[in-house]
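Okay, so chain A shows up in both of these, paired with chain B first and chain C after.
Here is the complex of A and B:
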């Protein structure tokens, strides 16, 4: 993307019908470290790569519990992500106070999307620079949504955002058809494999990643380090290849003709298509 | 009801210019509502009387109403406040439907919402002068609860308002059981309503029974209970009462 005369203001359209500030905000999401989500009929797993400024500092918190039945993984400007998480927690608590019942994920996601949209239509505001993978349970089952700075939201079987997320998406596209019926353990295993793809050769250990689960009868919680390390060891994936699938041949070549429920990531250098028009 | 005194001396502690807008005492009131859980859902019964003080003035007041797809509400107390509550509930259900997302408010959510409304009004010293019964079925789960004008709320297998608490609940405590059939439930409710008709002076002999199941709501057309007045004690009611005539 290049600087041009239509990108100073979020309320300025370009002649091609694009809002560049919003697109730049989506770039910020792509720069953040990877976050992945997958869901089955009864569970949602969120996983993310831990990024820290230096070896001396702790890593940034990227997964937030919003309520017992909802959690969110963020990528992009973590400060924006924190603020939005606080908003989501507030909405859940307020709903529970009035109705003594859990806020349906689908409704929370719409409220979040409407909040993001406002920032694309006020000259004194800027879009939130964070993408959110919202995973949760409600009456109609387990759901995974992606909320975008543009104010759009989509429901997914599995998705990945942030830097090097394409590698994870490729893995997920191969396997997503099995997720709906997957067991909790296999879902977590697939999350770890997908996460490993984004590390591009770096070792996958419990200190470089965070995993969180929510499911029927299981409140949203982040798995502790020992559990994660045990899972990694159990699956023996620290340095090994992902197992060959039953369906696809063990060729790691992209079998991604079957574009998943996941929206394709249009390469940013394409000047003709605005990424948010999906 | 008269225990809530309208003595101006006590009112002045909390009075303001908007005093003329606060509910101080009820004018047109409905009497008891009785509700029970049965095999397929909930049954509610209420008569159709609207009393104006001691006058039985209005005799076709519908005190049982459906709320959304999954709930039924029955109200006793000030009828105009009940109409106001129905407006709130209609707005609530409308907003819920406008999401158009497959989720819907069940009886538990509506009951809790009403509790919040009633309690908040009570805190502002401007109550909605009602006792409400809220029943419904959602996803096979039966729910029956009640809220009073001061925000007291609870759920049970059988609930009642007003005189129903004193005359109907004892009968229900003895005779209610799990999984009553519809016919058994109606017989039980009619027994309660008959006792109320004999003993509650604000009761009128014209009632409706409402049923809610997973399939939906049915409110019966109005009908009357058979009564028997030929008890020998009624022939000479003051027989044996010293000093009476």
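Here is the complex of A and C:
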């Protein structure tokens, strides 16, 4: 796929009808850390893995509030994501200024897609190297969209992007049919489980992930660390297997016993995890 | 051929009066709710007051179409600020923004006479008073609009210590309690309503303090 004579600029087609620069931009999205989105009839949950350059630095901000009713999670070139978030915020503010009502999510993603398309057809530009999971609420309900560097966008029930997102997608593919009718709590729980799949064994704690929610009667906001840690503990997913099916109540009773003993050994040394009540 | 004069003005004056008083830990902002044009009353129930941020409330008299446009611009700018800074704008910051926004239209001004009230970063009451093109000053109390000429001298007399007439003011804010300040405001408007034809109908009072924001109404003479 790489290093051929047709990939120098974005305005050159390959003989097979491909624009390699655009495809390379999509590669950049795959290199970023995972971001996941799910939606029900009334809520959208965005979750992402916190990635930092080194132990000394803070982690990158991957979830941005665009307006009270829209938020976005990004994967790829964070700088491009920040610029696009600023654009989206401006569009929402200007729309509200003109129409005194909220910009419908479907309209925003089209504008975003058109903006991305421009960069695939100008020789002096390069495609944005960021994939965006746009979650929002409007009169027609809750929506989750994925905008990619090519200028394409799709609506999803649930989706995951970034590195090791396939593991999350596999989990989501198993459970997605239940999401539409899911409660807010279960939606967040599924987001955490899916996120855990991408961590491949690494511990899921509130410092390794960021969760954001938007829903009917609930403005878009990022959940704070204590809330997330409490949810992780409640769902006992720190190190346990996700329940294979919905008859999970007896399983969870067994899980709580084994995870209690496991956590017993872990918590004294780990300051990020809230101590579990015995 | 004599020079043609404009026979159409882009401005109109919808009348009304605004007052704000700053206290040690509160701020009272008040305005009447009458909207007029010429000798007609357009409505008896129009609010001239808007809450721009957690701790900033603006009252504006003058041309209400320009006032509304100004309110929308400030609301949008505040939203942008919140996205960028992850917090609400402070009242002094909003005061500067209002000044800049007004001066931006120096050569086709917003016909708006504004009074901005709120709590500063230390929780003390603050009042900022403006002219139509953005010149502003922090004061302990202020009045703008058609009844201001009747109210300002009365406030100078009642609130002696924060009066700028002493130059500099003896106190930055009034030593009155919140209840006393509200009572004073009601007295001001009751008197102004008697003599100013553009002021009356109803008085809207907003009180901003550490526990939050509160709204009160008082009937005024309708003639």
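Going forward, the second predicted complex is superposed on the first by the 245 of 278 C-alpha atoms of A that agree within 3 Å, B and C clash if a C-alpha of one lies under 4 Å from a C-alpha of the other, contacts with A are read in each partner's own complex, and residues count from 1 in each chain.
Heads up, the rule we're going with is that a residue touches a chain if its C-beta (ideal position, glycine included) is under 8 Å from a C-beta of that chain, and two chains touch if they have at least 3 such contacts.
If you're wondering where the values come from, they're calculated on a predicted model, not measured in any experiment.
A.B. asks: By the touch definition at the top of the document, which applies to A:236: first (chain B), second (chain C), both, or neither?
C.D. replies: Neither: A:236 stays clear of chain B and chain C.
A.B. asks: With both structures placed on chain A, which of the two partners, chain B or chain C, ends up touching more residues of chain A?
C.D. replies: Of chain B and chain C, more residues of chain A lie in contact with B.
A.B. asks: Just checking: does A:139 make contact with chain B only, chain C only, both, or neither of them? Give me first, second, both or neither.
C.D. replies: first
A.B. asks: Please work out whether A:101 is in contact with chain B alone, chain C alone, both, or neither, and reply first, second, both or neither.
C.D. replies: So A:101 only meets chain B here.
A.B. asks: Taking the superposition as given, does A:93 touch the first partner, chain B, the second, chain C, both, or neither?
C.D. replies: A:93 sits against chain C, while chain B stays out of touch.
A.B. asks: May I ask you to decide whether A:110 touches chain B, chain C, both, or neither, giving the answer as first, second, both or neither?
C.D. replies: In the superposition, A:110 touches chain B alone.
A.B. asks: For chain A, which residues lie in the overlap of the chain B contacts and the chain C contacts?
C.D. replies: Residues common to the chain A contacts of chain C and of chain B are 97, listed in rising order.
A.B. asks: With touch defined as at the start, can you tell me which chain B residues reach chain A in the complex?
C.D. replies: 99, 101-103, 105-106, 108-109, 112-113, 116, 139
A.B. asks: Under the touch definition given earlier, write down the residues of chain A that touch chain C in their complex.
C.D. replies: Counting only chain A, the residues touching chain C are 65, 86, 89-90, 93-94, 96-97.
A.B. asks: Would you tell me which residues of chain A are touching chain B in their complex?
C.D. replies: 97-101, 104, 106-107, 110, 138-140
A.B. asks: Can you list the chain C residues touching chain A in their complex?
C.D. replies: 72-73, 76, 79-80, 83
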